[in-house]
Amino acid sequence: MRRNAPALVAVAVAALFFALLPFGLSDYHRGLAASVAVYLIAILGLNVLTGYTGQISIGHGAFMAIGGYTTAIMSHYHNTNLILTLPLAFVITFGCGVLVGLPALRLSGVYLALATFALAVSIPQLPLKFSKFTGGSAGISASKSVSNSWLYGVSWSTAAIAFLFTWLVLRGRTGRAFRAIRDSEVAATSSGVTLAIYKTLAFGVSAALAGVAGSLFVLATNGFAQPNEFSVTLSLKILVGAAVAGLGSLWGVLLGAAFIALLPTLSASAPLIGSAHGQDVVFGLFVIVVMILLPTGVAGLIPRLRRLRVKA
Amino acid sequence: MTALLELRDVHARYGPVNALHGVSLTVDEGEIVAVLGANGAGKTTTLRAISHTVHRDGEIRFAGNALRGGPEAVARLGVAHVPEGRGTFSELTVWENLRLGAYTRRGNLKDDFARVGSYFPWLEDRRHQQAGTLSGGEQQMLALARAFMQRPRLLMLDEPSLGLAPLLVTEVFRIVQELNENEGVTVLVVEQNAHIALQLAQTAYVLEVGRVALSGPSADLQQHESVRRSYLGY
Amino acid sequence: FGAHRATPGVTSTTITIGGTFPLTGVASLYKTIPAAEGAYFAYVNAHGGVNGRTINFKVLDDAYDPSKTVPLTQQLVEQDGIFADFGSLGTAPNLSIWSYLNQHKVPQVLIATGDSYWGFSAKKYPWTIGYQPDYPGEGKVYGKYIAANMPNAKIGVLYQNDAFGKNYFAGLRVGLGAKKSQIVSSQSYDPTQTSLVQQILALKAAGADTFAIFALPSQAITALVTATKVGWTPTTFLGNVSADPVFMKIAAQNGANVDGVISTSYLVDPTLASQANLPGVALAKSIISTYAPPLLPSLNAADANVVYGLGAAWTFVYALKKAGKNPTRAGLMKALKSMKNVKDPFLYPGITMNTSAKDNFPTEQEILVKWAGGATGDWAAFGKLYNNVR
Amino acid sequence: MVELARKLPLPQRRFPASPVLLLLAAACIFLTVESLRSTIFAQLTVAGVATGVVYGSLALALVLIYRATEVINFAQGEMAMAMVYVAYQLTLWGLAYWEAFFLTLAIAFVFGVVTQRVFIRPVQGRSVIAVVIVTVGLFILIDGLVEWKWSANQRFMQAPFGNKIYHLGNVPIARQDLGTIVITLISVSALWAFFRFTKLGLGMRAGALRPAAARLVGVRTNALLAVGWGLAAVLGAVAGLMTEPAEYVLQPTLMQPVLLYAFAAAVLGGLESPGGALVGGIALGIFLNLLPSHSWGFVTSALELPVAFAALLVVLLIKPTGLFGHRTVRKV
Amino acid sequence: MALLSLQNATLRFGGIVALDDVSLAVEPGTIAGLIGPNGAGKTTAFNVITRLYRLESGDVTFDGRSILRTPPSRIVRLGIARTFQNVELFPTMTVLENVLVGAHTTSLFEREANVRRSALETLDLVGIGNVAHLPAAGLPFGTMKRVEMARALVSKPRLLLLDEPAGGLNHEEVEELALFLRRLRDELKLSVLLVEHHMNLVMRVSDHVHVLNFGRTIASGPPAEVQRDPKVIEAYLGGELEGAA
């Protein structure tokens, strides 16, 4: 318990900060801040899978798409309460994650990564095929759109719940089993950890979080779900965010999310090479530089700081 | 005799953790030197410091010159290091492992393949087996064979007897002795089987928590009280 | 008094407007549009502005990515306090901000997309209006032409598998009317496909002798080249989006037989000797060379996007003037929705703009053009003006 | 520097699993027979080979990087694209196509080496993901730089083998496609020989798998990595220059769809095998071309990618390391 | 009745016969030594018992029941725990966490605090309580072997499979290990199957010794007897007892 005290304090301070923050923000910035929460949830999800069980996924955009379309479709056809679509997306994408996780059991390393990549490329194509139901390339929109304040509140509350949920899942026996699988499948098996169960569980949880993030993502795009939004770029973005946050630790997710949510917007105004292309150049360079400077992500800084403190 | 390898006040650390607190030792050309020490005393780290696979400070001279550069540079000077954990390329075949042993050399390797084949005849039959699927002892032999392929000037062995059957322990040490006598290979060996190591070596060092606690001709050390108690058991 | 304090984006000396455009990324060839629009506004500002106010035009880059369009538009509306979202480009990006802008009653005007939603959904989205002829309308023009002039045509259609391609295709069928049974085969493609051989072979195998291409530029070029490669020589109709001379020339250089390809136009073409005396052409040349010299090569290469930008900006300024001394957002929309035979100098001679409370399609006529001259050729107009609404 | 080891006893690797070879042989026979029966089938097959070879050529570069670093380079396509722009610029400056071609290959080598030194080396050996992310960053960066320098407008670049079309019966075959096939075959053979016969190839593999152990036996892993990236950039440039005439337009997105299929081709072939990458590419090209007309109308253009990747997944589930990949066993 | 027994176990890898019709048994409450030259099939036997390898023919029974249908992750629940010859730790986790994973099967309904306490106790038992919070990577080889032992013990097994536990230990440390193994047998009533090349250790602690060569049993019996067996001396010991002096 005592060991967790600083962490608890940090969480409490963060919660207070984010509860008060919207009052100091313009509506536009509230929207931006909400998108940080959305990415945070997705990164949490990817971290469970890639950071804790070592299964690399470049396909989380696909689960976001499924979650996002769940929200848009439920609201569009059944006028479902938007908040209710979040748990629904959670359940549906959990199922999808498990379904993907089962065949993924046979694959590992780069092969798994590329298989998930295939998912990221393929899933956004499906609405085009079944365009009667999904609106095709023009997309489908929820029956109502939400204000930025609503979005802020819901996203950050969901993010807080997601964080707590992930923390609880990863804290004890289950989290250890995940990490054991990552480190040595043979030793984990011989210690009684059933790979099939824990790997698919990780896939499910991870996909479910991405799905919820996808729902919020669609709400943040004025309730508009559209194949383009869920392109491979989104999957890669989340992977970048997770790596910046630091895989295998939860404490960096906030900065990882802020990195991918805000940097493109910030770099858009960077007059670096005197034209609009500065945006890509700056973002690309930033991604590289951050990875070079923070090999273990922001979370990796914490032990380093702790060591500094011990020395001092 | 001239010193082939000289360590003077060598420190080494893993991140913030210091593992060597000033080790000095000398290996003469053509000599066999043994290093003993308890679990965690820094024997492995000493070898790593020489091949520069650990962060090190202090002076290390090889054949009169200061050792510089990374492990590959050290290997190219003629130092073969059979590391703890054997350094097997598990995903590659036995043959490829052996070929890599002679990576720094040019020219015909037929004789070398034949030579290691004569030491460990089973290697010939298993040349296409994935090295990682060999048994523990087989991998140990492969690691030694790989080092022999390099035709080194200085051979550094980290617990070569680990995992070897008794019969083979004797055999391996016989081979090492033969290389030493016939080809003048200098040997620095870390070994827990002090009995056989002290028989083989001319000089021995005992490490304790990152420092040299004892050193001298092996014959003398064999008589030393604490060595007998901790390492020889009589 | 107070009126212009109540209207966002309007001060006594300025009017701030903005839009999102793909300055980078896949669709960045359209970045000449906002540049030309900026040039036209600079020209207007240099000549006293509109009712004494200069126009301040903010251009943001959304790279054609709807998930970027949303925050950028919010930024324009809430940070920069624009009067209107003008000219934003792309169907998907505009769709993603459609409801937002309408909820906030921000005009989303003269947007650069040929989809027909903007015209048809005026009731639900009264703050939105397009500019160019819509895709179904253009498809209809081809259909009417074929029905009238090529009674025995066997038609093969290649279209992009999205709203853009399907809209065109639907228009074609309407234009063909009873003759739509002459469509012998239709093939769709996805932008991720790297080759169109299989589609072209299927059309050829179906016996088509008339080929309608409703594709984005890269794929249109591929289609033209591939058809020649597999030895197919139909009469080809090419959607206006991909009919820029640059693309035709690339196709020709790759070996495609492009002479005789038919497309449509609604803008003046400053590179044609036959149009050199039109007032719009002279104006375009002088504005671009004074206010945006970097665009000159584009203009001289018959880049229709430059003229398009000038035309859209002209229409905006026209409506702003109409909206009166103290323009309001509602006033702007009213002006845009009550155009009667308005002659935009940058439109092909004879084409006028007409709108009403019910009619939200400003540009309603098009002229057919035919390519001649291979890799160094150009379009030439032929025949009559076609109305694409009725 | 590249020492041929012919004098050494060569390892006689077991041939790729014979069921795979049987399957491929059966597929070839089927395709030939059907092609003789139907012209359109033949046309589709030939066109499929032509596109497939293009996928395969980029897949080769991926295979090289994978063998040298155990990592997938997401920027491979963009690096290739950038090199095509370099060649384009050289032709604009008046160089003849083939002069520009070979000069570009030289530039590509330097570009690859520098990229490795500046961007990859600092994260090399930290974690696979770190390297992957850096290549993602490179992707974005190169894209931005190319657009900045050349803009995203469609450009025309001369096709190296001209626009001539030959006819085999009723089947048109472009001279360009034949040229691409020849060049890609040369690349495959060169790469295969590099890994098979040279010490450098083995050292590269060892450095990728066990960097620490490789350095201990004297492999200059850092230098080899740089060489690996350089060579991959060269292969990529070749792939790019073969892709450009196949897509008819030069634009910054040139290689993006190709990269997707090249990934699939490389994985299908087993990621480690140059020949596998080419076979994978061609199989994919033919499969995609024949699919729509032989799927009872179900597979329309939107489903092509999902179906292709689903097929890939099926192959992986049956053979988790691709058609020609070797499963490495982990023993304890 | 034997706690564990292999009956006519056979397993081949390509041309290599790793186990050739091997039958052996471990009686409850005893230490059984399994020795043989390198590549004789000892580790393979462990891998067969823990179901990492699938037997071609023959049977493995534990407590009288065949375990050939038990999935590998359930083996430890039956009461069989093992260590690995080349050390298979979870390198990024701390020593304590490594041991906690070992408690996976026993900790489902336990309170975390209790599980931790028993893990720490086990670490103390094998004598490395002081490194509990260090990362497992970078420990000296001998210490890693002990972490593995603790990880196996914390699952409260009835049968412990040890693959060369004396690797990397000096004479003094081997002495401690011998005492420890006897304690496990006598105080905790554990059965042990011990693979080791350290003859001194094997002969002193084993109740029964089984010798393999090329996958085949060449001798089986009490240590003293096996030690004198000419076949064993020829194939394995080489005439003199190593380290016996």
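As written, the chain order gives the labels A, B, C, D and E, with residue 1 at the start of each chain.
Note that in this section a contact is a pair of C-beta atoms (placed from the backbone, for glycine too) under 8 Å apart; a residue touches a chain by one contact, two chains touch by 3 or more.
Only a predicted model underlies this, so the values are computations on that prediction, with no experimental measurement involved.
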Path length in the contact graph (subunit B to subunit D, fewest steps): 1
Touching both subunit C and subunit D (chains): A
Euclidean distance of C-alpha centroids - subunit C vs subunit E, Å: 77
Separation of subunit B from subunit E, taking each centre as the mean of its C-alpha atoms, in whole Å: 28
Inter-chain centre distance, subunit A versus subunit B - centres from mean C-alpha coordinates, in Å: 49
Shared-contact residues (touching 2 or more other chains) in subunit E: 43, 52, 84-86, 88
Multi-partner residues of subunit D (each touching 2 or more other chains): 144, 147, 260, 300, 302, 305, 330-332
Contacts with two or more other chains, residues of subunit C listed in rising order: 24, 161, 190, 192
In contact (per the touch rule at the top): chain pairs: A-C, A-D, A-E, B-D, B-E, C-D, D-E
Residue numbers on subunit B that touch subunit D, as the complex places them: 51, 53, 70-72, 75-76, 80-81, 83, 87-93, 95-96, 99-101, 103-104, 106, 108-110, 113, 127-128, 130, 132-134, 146, 150
List of subunit D residues in touch with subunit B within their complex: 3, 5, 7-9, 11-14, 199, 202-203, 205-206, 209-210, 212-221, 328-331
Residues of subunit D defined as touching subunit A within the complex: 66, 70-72, 74, 119, 122-123, 126-130, 132-134, 136-145, 147-148, 260, 263-264, 267, 271, 300, 302-303, 305-306, 309-310, 312-313, 316-317, 320-322, 330, 332
Complex interface listing, subunit C residues touching subunit D: 24-29, 161, 187-195, 197-199, 201-202, 205, 217-218, 221-222, 225, 229-231, 246-247, 249-251, 253-255
Subunit E partner contacts - residues on subunit B that touch it in the complex: 14, 17, 36-40, 44, 84-85, 122, 129, 133-138, 140-141, 159, 162-170, 192-196, 229-234
